[in-house]
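Labels for the chains are A, B, C and D, by order of writing; each one numbers its residues from 1.
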Amino acid sequence: MERTYTLTISCPDRVGIVAKVSNFLAMYGGWITEANHHSDLQAQRFFMRHEIRADSLPFDLDAFRTAFTPIAREYEMEWDITDSEIKKQVVLMCSKEAHCMVDLLHRWQSGELDCDIPLVISNHEDLRDLVEWHGIRYERVSVTPDNKPEAYARIEQLIDEVNADCVVLARYMQIIPPTLCQKYAHRIINIHHSFLPSFAGAKPYHQAWERGVKLIGATCHYVTEELDAGPIIDQDTVRVNHRHVASDMVRLGRDVEKAVLARGLAWHLQDRVLVYGNKTVVFN
Amino acid sequence: MERTYTLTISCPDRVGIVAKVSNFLAMYGGWITEANHHSDLQAQRFFMRHEIRADSLPFDLDAFRTAFTPIAREYEMEWDITDSEIKKQVVLMCSKEAHCMVDLLHRWQSGELDCDIPLVISNHEDLRDLVEWHGIRYERVSVTPDNKPEAYARIEQLIDEVNADCVVLARYMQIIPPTLCQKYAHRIINIHHSFLPSFAGAKPYHQAWERGVKLIGATCHYVTEELDAGPIIDQDTVRVNHRHVASDMVRLGRDVEKAVLARGLAWHLQDRVLVYGNKTVVFN
Amino acid sequence: MERTYTLTISCPDRVGIVAKVSNFLAMYGGWITEANHHSDLQAQRFFMRHEIRADSLPFDLDAFRTAFTPIAREYEMEWDITDSEIKKQVVLMCSKEAHCMVDLLHRWQSGELDCDIPLVISNHEDLRDLVEWHGIRYERVSVTPDNKPEAYARIEQLIDEVNADCVVLARYMQIIPPTLCQKYAHRIINIHHSFLPSFAGAKPYHQAWERGVKLIGATCHYVTEELDAGPIIDQDTVRVNHRHVASDMVRLGRDVEKAVLARGLAWHLQDRVLVYGNKTVVFN
Amino acid sequence: MERTYTLTISCPDRVGIVAKVSNFLAMYGGWITEANHHSDLQAQRFFMRHEIRADSLPFDLDAFRTAFTPIAREYEMEWDITDSEIKKQVVLMCSKEAHCMVDLLHRWQSGELDCDIPLVISNHEDLRDLVEWHGIRYERVSVTPDNKPEAYARIEQLIDEVNADCVVLARYMQIIPPTLCQKYAHRIINIHHSFLPSFAGAKPYHQAWERGVKLIGATCHYVTEELDAGPIIDQDTVRVNHRHVASDMVRLGRDVEKAVLARGLAWHLQDRVLVYGNKTVVFN
């Protein structure tokens, strides 16, 4: 895999942004391997993502930042640049359900998910063996109705300790407190087991069965303070019929959950997801 | 196409139902071309559909009914038998949007939808030419905030006049009054332009765009008094992304609406849809 | 709908192309509403498409061409610029099967397909009424084993007479002679009723049934001299099972054919399809 | 999970089969929890599958066989009855690729795949740790151009030693010799990494990339002597585009392979797959 820099930009839309940025890159000989733009006409906002071969630029990231900052200021950009050789630090959080964890850990082990996983946090012991077999540290933090403040203080400490760039709730099944949602805004990814906004909250497959829907789904989204209402990264559905009871939906849904979470996380790790308001631009 | 009788049964579940019915059919030499069963374990209810070659039975429908009634009584069956040579009478209702009408009328004209369409009712003139080109009677009944009782009395009269077996709301966009919903229970089919239960009510594509979903959908359901809450016959979804504004969703959604409505109606016409509570068993 | 210019470029890949083109556009105040790039690393070729608001440029197309030509020469570009107000002239060719024609004509009539359709050519009379009801000229040119050269000379004459930009074989079911394939290279679009390369040639649904596949499909492609082997624009599939005989596959396949052809044609009309070798880049 | 017997029947089609079988079951009080029928009109053959609650019958399997044999003879049935409490013995064969193995082993471990896995055979060491972590015996049998007869004799011996009901080639990547294909006819399941019949043989994703297809797929089928030509159990596809090179197709294809193989195997284990000629009836 080539070493690449990834430049992401979100700014008010106006004429000449693309020219300014591509001039800047061309001036230094930047070899662009992928470029994506999006204008949101309603929000009058412009989104942009470039992958550039690192060896084509005479820069390290700091020098890039210095050189690019005047342009970013001129165009009021929110922007970032990342280096494919600096892996993102991802903390996984789980409960007792194994399917998403098995899937993510295998994708990580096989090199498909390009990140480090320094830590898994769970409120149960069930998945310790699985996680430790992959050579990953496993910390159990019990969360009970009585110990929430202490438990989430400990979780926050653990997340900070490993300098996590991103936290993945891989069927964690607990509600994250608002302070954490704010602190790690757009960095906590959840998989909800329904096609949101249908069936938010508890037991979505049972709700789906009660309603008699003919498709069930899953939704990967950033966690916000409002439950199951954050910006959606990806969704998918699978067909069900009258023969499927709620437990069949649970089983079929697991495959959709795995697929949607793995896609959403991969896009996040590749800086393909830009958030604006309560929506995402996904350059995939 | 072979002439067939279709026998549909819904009854409390118990041992021996299949044997009883298949014995009855075998005794008279009935050649079953398709058979479907379903046990709803929770509702303890049994559903069954048989297609039988008409020429294999020594019966017309009346004689069949006479012979079968004792069995039906013994097992407390809700049941029906239909003859493929007696086409169902379908009334289409529409507004200004043409896509579902073009689709249904072509499927009907090409023989794919096996029914008669004696009448189209609309509150506008827009689709008169299209409908009349297909040789079908077109009645405009304006519905305004002031004339609803009279308008729906007229609509009811028209539906009854043609002895409609089924009414299809092909993007009719008006709310059907409760008395009609009850009178034609499980015989009025609507297409809603969202993946219910998400985005019930008005402007679902705009709601979908606001929420930033990554799939949009359509739902074919029987109309009940509660808006967009009736038993679902079929649903489907299509992928959207950040580049799609609400008008793109409208355009992409049209294809899903057409497909889902056409499937749902075809299944209804073939007596493949059995309703129980607020759910459907679809033997497709 | 805004008036836009669409600029498409295909050229050898090297550093600075994007900068050069976006500088050019920015210099003249060009407001880019959509931009897409693609580098084919293996072919070392670069593909680019811009939509620009026409009123943001101080140019008509001729002046644009004059101003851009030096850049195009420097970078050895194959390129084109089109104006959304100059509609493409599309000739449809059909046989007896109506479904693709009904679908395309309705999409055209409702404004979804942005083109003129000055002419339909068919080797049969079956669809004359349908076509003429849409106000479109219908020319029958019988093609028999004995009259092929004369028939296709007549067809070529008709196509040229209306200055067709594009010819669509909407289930035309005849093999186009090599001279026409070459003359209108990358401008004749066919819908093949299988998931190519499976089941090229005649009776693909029967071939699919014989093989016992569990999905059937359709393929929209540019016509080349080699039958069913041209560059693929789009494909899709639908699920079948053991209960579906070949005639059911024909019925289910029609919906896939319609959808895939309509998508492929829409992309072609919007200059979203760039051909290189035997493949397409589709900026959708 | 209820203990059930599963009765599968394939026989020449004639009037009265369903009545005969359901009478037999009703006579003994058999509680049918799922029933499926299929008439292949062309082959004039009838297929049937019943799930019956074991505790509703006054039989063990031997007594059932004795009682049912006269009926089976009369109707020239090929038939079988299985007991949900007698788990099928499944041997997995793999090479170096882990994704299908990780997926199947997790589904097995979590109880989703209802079988025993007494043995995994591989021609490499790569997956030994994974397999043994699941507590399953791992035998490496190297297959080289020089040792094929001895290697497959050893493999046959191993398969027989554990009384395998079924062998799964989970990306085994070697061609099974004809004698084994015959000996375990309809009991060896392969996953092929293309949408057959397209791209049979080696490197299907590279073939797909060369052809420029817009969907790639996977096919689960029974292994026969002719390579990649056996009866298809299930298939699925996933969308690709011009940005995907062959290695991306490999990555995306892995998810389809896993899903299709897991479904096909689950259906096989539940006796839902009946083979006739080179096709399958799948009662799912």
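Rule of thumb we're sticking to: contacts are C-beta pairs under 8 Å (C-beta built on N, C-alpha and C of every residue); 3 or more make two chains touch, one makes a residue touch a chain.
Everything quoted here is computed from the prediction, not taken from an experiment.
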Comparison of A-D and C-D by number of C-beta pairs in contact, larger one: C-D
Relative to chain C, chain with the most remote C-alpha centre: D
For chain A paired with chain D, centre-to-centre distance based on mean C-alpha positions, whole Å: 36
Length of the line joining the C-alpha centres of chain C and chain D, rounded to whole Å: 41
Two or more partner chains touched - positions in chain D: 34, 41, 243
Residues of chain B defined as touching chain D within the complex: 15-16, 18-20, 22-23, 25-27, 29-35, 37, 39, 41, 56
Residues of chain C that touch chain D when the two form their complex: 38, 40-42, 195-199, 211-215, 217, 231-237, 241-243, 245, 278-282
Residues on chain A engaged by chain D in the complex (per definition of touch): 34, 98-99, 102, 106, 110, 112, 133, 243, 251, 255, 259
